[in-house]
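For reference, the structure discussed in these notes is given below.
In this document, chain identifiers A, B, C, D, E, F, G, H, I and J correspond to the written order of the chains, with residue numbering beginning at 1 in each.
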Amino acid sequence: MTRDEITQAVLAARLERGLSWQDLADAIGKPVVWTVAALLGQHPLDTGDAEIVTGRLGLPRETIPVLASVPMRGALPTAVPTDPTIYRLYEVIQVYGPAIKEVIHEQFGDGIMSAINFGISIARRDHPAGDRVVITMDGKFLSYEWPS
Amino acid sequence: MTRDEITQAVLAARLERGLSWQDLADAIGKPVVWTVAALLGQHPLDTGDAEIVTGRLGLPRETIPVLASVPMRGALPTAVPTDPTIYRLYEVIQVYGPAIKEVIHEQFGDGIMSAINFGISIARRDHPAGDRVVITMDGKFLSYEWPS
Amino acid sequence: MTRDEITQAVLAARLERGLSWQDLADAIGKPVVWTVAALLGQHPLDTGDAEIVTGRLGLPRETIPVLASVPMRGALPTAVPTDPTIYRLYEVIQVYGPAIKEVIHEQFGDGIMSAINFGISIARRDHPAGDRVVITMDGKFLSYEWPS
Amino acid sequence: MTRDEITQAVLAARLERGLSWQDLADAIGKPVVWTVAALLGQHPLDTGDAEIVTGRLGLPRETIPVLASVPMRGALPTAVPTDPTIYRLYEVIQVYGPAIKEVIHEQFGDGIMSAINFGISIARRDHPAGDRVVITMDGKFLSYEWPS
Amino acid sequence: MTRDEITQAVLAARLERGLSWQDLADAIGKPVVWTVAALLGQHPLDTGDAEIVTGRLGLPRETIPVLASVPMRGALPTAVPTDPTIYRLYEVIQVYGPAIKEVIHEQFGDGIMSAINFGISIARRDHPAGDRVVITMDGKFLSYEWPS
Amino acid sequence: MTRDEITQAVLAARLERGLSWQDLADAIGKPVVWTVAALLGQHPLDTGDAEIVTGRLGLPRETIPVLASVPMRGALPTAVPTDPTIYRLYEVIQVYGPAIKEVIHEQFGDGIMSAINFGISIARRDHPAGDRVVITMDGKFLSYEWPS
Amino acid sequence: MTRDEITQAVLAARLERGLSWQDLADAIGKPVVWTVAALLGQHPLDTGDAEIVTGRLGLPRETIPVLASVPMRGALPTAVPTDPTIYRLYEVIQVYGPAIKEVIHEQFGDGIMSAINFGISIARRDHPAGDRVVITMDGKFLSYEWPS
Amino acid sequence: MTRDEITQAVLAARLERGLSWQDLADAIGKPVVWTVAALLGQHPLDTGDAEIVTGRLGLPRETIPVLASVPMRGALPTAVPTDPTIYRLYEVIQVYGPAIKEVIHEQFGDGIMSAINFGISIARRDHPAGDRVVITMDGKFLSYEWPS
Amino acid sequence: MTRDEITQAVLAARLERGLSWQDLADAIGKPVVWTVAALLGQHPLDTGDAEIVTGRLGLPRETIPVLASVPMRGALPTAVPTDPTIYRLYEVIQVYGPAIKEVIHEQFGDGIMSAINFGISIARRDHPAGDRVVITMDGKFLSYEWPS
Amino acid sequence: MTRDEITQAVLAARLERGLSWQDLADAIGKPVVWTVAALLGQHPLDTGDAEIVTGRLGLPRETIPVLASVPMRGALPTAVPTDPTIYRLYEVIQVYGPAIKEVIHEQFGDGIMSAINFGISIARRDHPAGDRVVITMDGKFLSYEWPS
């Protein structure tokens, strides 16, 4: 089975068995966003975690070494996402991207927020006018440094 | 002057006068990310704020009604951003976008995080292994609703 | 079966069994545009509705949890639609999009018509020079609001 | 002046003189969406109307024959619109386009809603949970017909 | 079978059985360009015609309702055609498209040649320097009309 | 002046002077579609014709050698045309392109309709249900031939 | 079998049987570049040649009418080729394309080198600093001619 | 003046002064295709040659060091060329590119025809059925070699 | 099996058998980057090496002639890579590409670093602030030379 | 002056004054690749260095704060570079990119070579068969780490 076929199988098995993503994350003791990303083919699982997850989902054992290998990353089928939930994140970059860049440079200097030494979490904020999604990205600042 | 020419003039005048973005945000009492986005042509300024800002930057008064009008939004010159600081945000969508979607659906139901009723802030988190950029997005959850 | 395979199966079964889209919409008591969109993979069905629909179409029961899950949305195979019936909608955006934007801003202020809290209906208007298609979009106005 | 330069001049003059689009539409007795589209370079104005409008906006008389000529249409700078207000219309096509197609075919037969014999209007619908934008498109149904 | 698979089957069966497109057009009494377009998935066939054609081609009866349904149109695999015979038509638009537009506007006014109320035929014109392909497009003129 | 600037100047001068394209074509005794294409930068004019045309339009004499030189052809600003009048021609290729190809091959053999040894004309066909645009393309058939 | 599947089968069978392209060209007495192009789906083979070739390659007889039919041409999977050997030809167009155009116009007048009445050959030129690939393209000059 | 502005100036001056490309090539004793490519911004001229050429064309002396510097190469404004004369070269790659690749590999081994150690010439071949353009490309064969 | 299927099979078999890329490179005595590139379909293997590798991986013998043939090169599924590890190399070209060009021209003259007579190696450099990846590219300088 | 205009001015002034890039790098005591990248708008210069450089190049003092600000990075005008010298670097990613990824993962684990904490140098390696360009990239390895 290729990585893509395994991702399809994960999606189908999870729905069929009625498992939540949180169930799978709890089973391996990892944050839920990380776990979903990994199962959608964006991160390798430890072999032990891959065994647990494939057990829960009823996937064949041959998928374990594939799930444990570093994947070819990139989850969007088109350069500009079409799904509205994902598109809003792209819209944020279109509207606020250069502003984020300017503020990072003003507060930290020349460099970037790492997307590798990086975590992301999603929380619910109660609000009388309607609850809110709060996404927190936490990445190490990396300054441009030329090696000596 | 077109909106694009005004944006170029803002960028040049800010550097020439040695003003920080924070200075300009403080002058109008608005959050800094919002202020930079507005000055880069992504949000309208109140006429009063436009007067203050053009005063600080030494821009001609004819720019005020333009700065106060709703702009044609979209700040990226290419669909996939080339600037590394901005690209990392795009990479986050490539790697975590579908996972964010799944977690929002699992925790909130079918819908999106609004990018309109929405704010974004940037903070510094001290860390012994290197300080971190923390970006917090806070958008109202909007569930799919068919009007009756 | 993946979502795409289910969509193909829905299309084939509907034709084979001679069911109209209206039949399927009536069976679940939902508006017809919404029903077609859902069956083409753009909205989740309630499990009960999915049971009814798969019964009518003779689809296997394993498709029910997939039809009931939130799909990855986006129905066009190309960024610019090639089908003439759909292209005319795109042409409307090319010709009237910026005008719609200006009028919304003039009448409502800075913001958007939601495509999430949103419904759409199609009606026939009799006309001596040839009947007319009337498409009504009804979306909540969302004004740009920065959370406090 | 080229058509694009005239469009830029219209935008600047309208803001500078504090005229609303509705003012300009009323001045020529045309629907407001049509008027804005025309002034943004998507429709020709009658010479008489062009004289009125250029008078209100203080544009040079040499712009009149250009405003009165049939323009090269197409108002979006990118194939997929980046402005959020306009993007929502594109998103509607991504999510509902094929469904609209199916319903038109089921109710009218094989053909299209014309975008030429076509009008569009925007109305406000009061709603206790927030007012709504109602966009009504009204186009002649054209059935596929092979000439004899 | 999906529409694409049926198109593939039509192409294979026609070659295998040694049928010309004209044979198939004659069998159903339709113009040959229309017939080929329909069999390549661009127009629906009447059920009766679909029965005749599938009989000649030896296709299974389950293809009949699919051939009789309105297809998702658009036959080119890339936005710019690569096949030289088809590319020349695209080149004609690149070289003469704006000129055709200007002449239509000068002779008919503001509007379009319909591609829906439209027919196309191909004829051979004998010529001493080499025979010529004459393609005649015949579409109803549609003037821009705003409904009242 | 570059070729593009001359094209802009032609368009502006024609409108300002109230000349029809037919007037200009008659002045040089050439078919009108050809004349418009040439003046829009798609064909070279004979020097004599360029003198006549620039005289009528009041263009500077330095434009004559440019108008008389072979241009870099290709008149569309985007690969898929956005103007509705021109788009319909593209739509014809999307819907009928492969069918035209098949019929040319069936009637002429393997080869193409030349777009170089080629003419195009536009005529009006009166029709009780609305007059029609008839576009006739007439190109030499070129069969694939491998030189010996 | 579709044309693409046949092309895959040709590639596999040739390698498995250890046949050179020259062997196949010699078997049918055609130039080698033409033969390879034909077998890669860019030209039809005569039925007799198709019989010979399928015999050598051990392909099923049902492939013969497909190989003998005019194919949908265009062999590159991407608009800009990625394979280095093929890319160099594209680079030649990027660097020399407009120069070739100017020289053809200066030496022949306004027109093109036909790619239909056209042949191409590849030869080896010995050279002390390393042998050279000499590609010769030979196409009929076609001048722009408007039919009368 | 930027390189692009110089290219525009070269084109205009050549036409105005009635110089052929061959005249300019003869003036510097270089092949004509090379000379045109260089003057269109694809190759540096020796300073001496740049002096001669700018003299003939009446360009300012400040253009000499720019003409003598290595340019940023790539002469096509779009990835797929729209000009018919240049497009035919692209079509040759679409139809014959993979065949050329196979024949080079069969005759020379794994490698490429260099586009750097490379020359190109254009000749006229008289032919009773119409003269022919013969383009000869002559590039060093470079085999894949891994350095030790 | 097509080349792509063989590449998939290599990837799956390597993981299943727990072989490192270095194991496979050692087995055939080739540099590891070259070996991985070859097994991912970018270089041909000698038949002897293909026998060794397919033996280690347990692939069928019919894959040997395919692995030994020159492949259609180009390993990226999208023009801009989405995988972060590979994207960083693209980012290097975006940020440093024109600078590399200028320095090569200043130090070597007009020409390129060959990607054919070329090798690449990866080494680890220990560093107290974190180990470093050192990628060394070594390509023959090729100066632009016009053959005589 | 915008950043782009300054880059154009740098290029023109350097050629006009006959300064090498090495001269400019030496003047500020920085590596030459870094210096060229900075002057082409990819890195900020220290204010002191900007003063030195603008002095050497004779640029106006108003360019200093722009040169000292963090630029919007990304130097390629097209996603796939057209210049042959730069294209070869892109070709290396097409041919070796996935192999580099695999080897980095095998030798370092899951992560990337940083393009921020990163340097690049170019050296000449003498070789009897022709000197070679050696490009060394040296970037910190960053392993995927989820913050706690």
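Just so we're on the same page, contacts are C-beta pairs under 8 Å (C-beta built on N, C-alpha and C of every residue); 3 or more make two chains touch, one makes a residue touch a chain.
Here the structure is a predicted model, which means the values were calculated and not measured.
K.L.:
Could you tell me which chains are in contact with chain G and with chain I alike?
P.N.:
Joint contacts, listed by label: H, J.
K.L.:
Quick one: which chains contact chain B and chain D both?
P.N.:
Of all the chains present, those in contact with both chain B and chain D are A, C.
K.L.:
C-D versus H-I: which interface comes out with more C-beta contact pairs?
P.N.:
Between the chain pairs C-D and H-I, C-D carries more contacts.
K.L.:
The G-I interface: which of B-D, A-J or G-H repeats it, judged by over half of the contact pairs being the same residue numbers?
P.N.:
B-D
K.L.:
So, what's the distance in Å between the C-alpha centres of chain F and chain D?
P.N.:
28
K.L.:
Can you work out the whole-Å distance between the CA centroids of chain A and chain B?
P.N.:
23
K.L.:
Provide the list of chain C residues touching at least two other chains, using ranges where the numbers run on.
P.N.:
34, 72-74, 76, 79-85, 91, 94-95, 98, 101, 105, 111-112, 114-116, 118, 132, 138, 140, 142, 147
K.L.:
In the complex formed with chain H, which residues of chain I make contact?
P.N.:
Contact set of chain I toward chain H: 31, 34, 43-44, 70, 72, 98, 101, 105, 110-112, 114, 116-119, 138, 140, 142-147.
K.L.:
What residues on chain F touch chain C, complex-wise?
P.N.:
Counting only chain F, the residues touching chain C are 80, 82, 84, 87, 91, 94-95.
K.L.:
Could you please specify the touching residues of chain B with respect to chain D in the complex?
P.N.:
By the definition above, chain B touches chain D via 1-2, 62, 65-66, 68-69, 72-74, 76, 79, 115-116, 147.
K.L.:
Using the touch rule from the top, collect the residues of chain E that touch chain G in their complex.
P.N.:
Its residues touching chain G are 8, 11-12, 15-16, 18, 78, 80-85, 132.
K.L.:
With touch defined as at the start, can you tell me which chain D residues reach chain C in the complex?
P.N.:
20-22, 32-34, 36-37, 40, 42, 73-76, 79-81, 83-86, 88-108, 111-115, 118, 120, 122, 124-125, 127, 129-142
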